[in-house]
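Chain IDs A, B, C and D follow the sequence of writing; residue 1 opens each chain.
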Amino acid sequence: MNYGWKTERKFDIIAIGRACIDLNAVEYNRPMEETQTFSKYVGGSPANIVIGASKLGLRTGFIGKISNDQHGRFIEKYMRDMGIDTSNMVVDTEGHKTGLAFTEIKSPNECSILMYRENVADLYLTPAEINEDYLKETKILLVSGTALSRSPSREAVLRAMSLAKKNEVKIVFELDYRPYSWASADETGIYYSAVAEQSDVVIGTRDEYDVLENVIGGRNEDTTNYLFRHTPSIIVIKHGVDGSYAFTKAGATFRGHAYPSNVLKTFGAGDSYASAFLYALIHNKDLETALKYASASAAIVVSKHSSSEAMPTVDEIERIVNVNV
Amino acid sequence: MNYGWKTERKFDIIAIGRACIDLNAVEYNRPMEETQTFSKYVGGSPANIVIGASKLGLRTGFIGKISNDQHGRFIEKYMRDMGIDTSNMVVDTEGHKTGLAFTEIKSPNECSILMYRENVADLYLTPAEINEDYLKETKILLVSGTALSRSPSREAVLRAMSLAKKNEVKIVFELDYRPYSWASADETGIYYSAVAEQSDVVIGTRDEYDVLENVIGGRNEDTTNYLFRHTPSIIVIKHGVDGSYAFTKAGATFRGHAYPSNVLKTFGAGDSYASAFLYALIHNKDLETALKYASASAAIVVSKHSSSEAMPTVDEIERIVNVNV
Amino acid sequence: MNYGWKTERKFDIIAIGRACIDLNAVEYNRPMEETQTFSKYVGGSPANIVIGASKLGLRTGFIGKISNDQHGRFIEKYMRDMGIDTSNMVVDTEGHKTGLAFTEIKSPNECSILMYRENVADLYLTPAEINEDYLKETKILLVSGTALSRSPSREAVLRAMSLAKKNEVKIVFELDYRPYSWASADETGIYYSAVAEQSDVVIGTRDEYDVLENVIGGRNEDTTNYLFRHTPSIIVIKHGVDGSYAFTKAGATFRGHAYPSNVLKTFGAGDSYASAFLYALIHNKDLETALKYASASAAIVVSKHSSSEAMPTVDEIERIVNVNV
Amino acid sequence: MNYGWKTERKFDIIAIGRACIDLNAVEYNRPMEETQTFSKYVGGSPANIVIGASKLGLRTGFIGKISNDQHGRFIEKYMRDMGIDTSNMVVDTEGHKTGLAFTEIKSPNECSILMYRENVADLYLTPAEINEDYLKETKILLVSGTALSRSPSREAVLRAMSLAKKNEVKIVFELDYRPYSWASADETGIYYSAVAEQSDVVIGTRDEYDVLENVIGGRNEDTTNYLFRHTPSIIVIKHGVDGSYAFTKAGATFRGHAYPSNVLKTFGAGDSYASAFLYALIHNKDLETALKYASASAAIVVSKHSSSEAMPTVDEIERIVNVNV
């Protein structure tokens, strides 16, 4: 395959959106009320995806706003140490805090998250903080759905997309739908569909596409009929343990299967999936292979305690892919 | 000319946006501090345009939210009495008030407006209040720029546009830029350009296009180069006393000249211009004629005390056009 | 009587609170929907009271915040022209507007007001804008209840009261309860009771005292038992057409009767009542006489179109008092 | 000494205000950026004080609002397990979160706190949630200054104080000043002074009294002159390592000295001080002894990792007091 990447560009992926803190219960398999200790990790879907991509050897950057405190500084340093370019991570000057996610793991099937997302720094990124020269240097702009949930972050993303299109940067839209971030389902549908229509690749779960289309129990066929009338050329729809599908505008369909895993928790599955899928695309692997890499990466992360730290290497992924041929 | 209107549709124009109250100084040619009495009129750009269009014999409707008080009831009744369909004017249930504009006429060249636009009802129209069946019945959806300035009105307009496109309704975008309505120039540019790119006809002053393009001293050539790459097929750019231009995607340019007028104030010129321009379009008149009708209509309104009440008839417009051949 | 005024002081009364605009329907005895024209007057309870007091010859000043626009300038000039010291009227710098009251007079018994009170300038007076040297110069600080409804105006009033007490200024509390200004009845009761307990004179309707005490159908005896345990020495309770009562801490009770009037509307009755009552107190008239002056003043204002302009002279009041002995 | 406690009452102390979560860096003596793990404790000044008081054997209760999530449930259960009556802890129904304090211990002299206090549940306690029958059952109502920083919590405290006075409950005001909670220093001074004037016992640091009096470098003499003109009968002013003073309205002054301690951090010193001071008062010990108990309690807590868990027993306190005679 040849996806036509602009090979001369400095970055493979620049992500835009939130970088936050996960506080994971150290004592798990119990309600959080009984947890005494929490471990701190970088979190947030687009941050996790570039961390994963960077660990796979891709050249990555990040556009986002971080708090002017110990949590913000921890995030920036961790990402920089992971090889991600953080030159466009803006430090908030208005006292906004880093978003927090306390994770509770009662059992592999019962995970929940207690979110602190009130006036968080990431949602205060402004259009004026988007740098066209930076965007020119990347093959892919990865847009995270949650960054659309509030102004001015919403407008910053719209501005970044407009500049990306102007500079022939491919836009990958990871739906990353978090209901608590949004004012209403109507608003979500309006911005999700507007952004998806202008993206080259869209990745999400079946439930997330339902939100985008403002339907209940939507069908993949309707989704692809709708979106392929617009910009997208690849659409990925995930069905949890039933695997996932990649559709192309040309009419091809590929199915990926979930790999067996010793599941500890479900957090981080989607982010690791996306990072490995994009790794495969950047390396011009075919979509069938890309789905395998994505599923393998997800299988690894759900067996571990964190989302970001647990991101696998290429070797770890390929071992699973090759074993399960 | 044949603009390809869906002739079987019930309405020529349905406008979406604000319907407000103008309080015009009865004693003019003096500062408002010295005014003792104010006359009450319906105001707001999209309301004025449908009032004007209705007076010209077009079949019109209005989508908007009005306050649940004497001002809201006055507006609805006035518009209904003017022959406008008000079945989709929603009454606010959360205590929001009607927007007010106190007009001050110091001299024909020194007019100013004292606005009351804090949490006004019109900006609380929601996407759920947009009715697809209603939109199906019109040839044109007229979108007013100010309705994009705040959520949820912004999303209501985006929803209405999405439904309009789905149902082959032509979208006319009147820029109607009011700086005090907007959070920032960046935000304005982002939504103005997104909406203009998806509209069939765009109408505004040169200054308003500068806001849309986020430039200073923009040129018409750049504007048309940019927008004709997208949906628009007709672009109208107004240059005040220097007249106005209509551009077509096919490459034609038409110039309209301002007619002499005994100017009392400048308010309402743009709204009367738009209503007559759309009247000519609906009647498949060529663009040169449409510009004449528009300019004549504006010349009449600026010589009178109100914006809505002063809207001319076809006879009045044609008298000016014919006298000034 | 001798109420022990500090006779050497420059001002008789300094009021703190709102000065607004009344827009009175010119065409009355009809619903406002049918009104075409509105007359503009200065309004707002404490502004009306000092306008009335000034017309009666008292030396008055005003502490408040006004909008930086034509309405704010009109208010300041009108009050200055009426002889009120406006040196402590602060001009808002954050874009807040003047409060508006559109009055509707359907019949003498059916009057209503359409209020514009969203983020109005008067409620943005801050504690730092209270000037101790100014307060030292007055006999009475008149506190209007509505100024307590929101921060920072609430704290500005509390600061003014604290400085008044420190400088032996008598505090007169006019309850002036407007439900739409308050977040909850609980909050109203808490601040009304706290302020009343620290005031020297309290004036209000029976209904307003019920709000203060957080009761329904309260009795005058309970009110006076409660408040005379604290600072107040005079309590005035108004019962509409049934007249009003003045109670003293020493145990005396006086009753005032309403005078016959050709009622046009009920607005402004309370403000004219307060200004004449305070006039009588400043002139050391006994409470029986003060009640007569107050009732006569109210009878005059309810027969006229405005609240502020209609404030009577001493002659007009005394004519009624003397005729109705 | 006999402080005249209502001995028949069920509770010694009911506190009103915030109960939150402390997340204490497990790895200390380093910047928080380098911390990997956090331990979870109940925190918040009034919660800590009743936890300390309960550990000393006092009968305590708590009035406050907690989040409807794992953190809120943890707090309620922990306090209940400590023997505190939690029947008047109200569960928030509007999605507000528990306040968080991440503590950073760089060295014993360099401690800082990263606060999450955006729209926290404790500040949404309303006046309607204050139960008079509950307040009737206590000797002391402990008011925490931070609970005054925002509406409606502010009004809930004012209501509780009003009911306390009506029912002869002694009010102890712990100033507990947290600048980030307040809109302005002016506002702080206004409510701190209003509440202090109505309290029986006031406890704070010299800096906190400066805030109350809106002065810089205030003197204890001025503070006591001012407050003893009002309700307070005991005023405690703390000067850090220089010890603390207790003043009585009758004119007596007592000085307490800080005990030597192996200081780990400074958090929690004030809360443990207050709980032991009140323990001594409830047991009718003289003020000199009360200051010793308070200082000993503080010396113990600053040598330990948490604030709430570390609260000492009577034995531990008396051992220090007796050793350091």
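Convention: contacts are C-beta pairs under 8 Å (C-beta built on N, C-alpha and C of every residue); 3 or more make two chains touch, one makes a residue touch a chain.
Which protein is which chain? UniProt says A, B, C, D = 5-dehydro-2-deoxygluconokinase.
Just so we're clear, the structure is a prediction, and the values are computed from it rather than from any experiment.
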>> With centres defined by CA atoms only, which chain is the most remote from subunit D?
In response: B
>> So the centre of each chain is just the mean of its C-alpha atoms; given that, what is the distance between subunit C and subunit D in Å?
In response: 41
>> Suppose each chain is reduced to the average of its Cα coordinates; what separation in Å results between subunit B and subunit C?
In response: 44
>> How many angstrom lie between the centres of subunit B and subunit D, each centre taken as the mean Cα position?
In response: 60
> Of all the residues in subunit C, which ones touch at least 2 other chains?
Replying inline: none
> For the protein chains shown, what form does their contact graph take: line, ring, star, complete or other?
Replying inline: ring
> Which two-chain combinations qualify as touching?
Replying inline: A-B, A-D, B-C, C-D
> What residues of subunit B sit close enough to touch subunit A in their complex?
Replying inline: 126-128, 151-152, 155, 158-159, 162, 183-184, 186-187, 190-191, 193-194
> Contact residues on subunit B for subunit C in the complex?
Replying inline: 23, 26, 31-33, 35-40, 69-71, 73-74, 77, 97, 100, 102, 104, 114, 116, 118-119
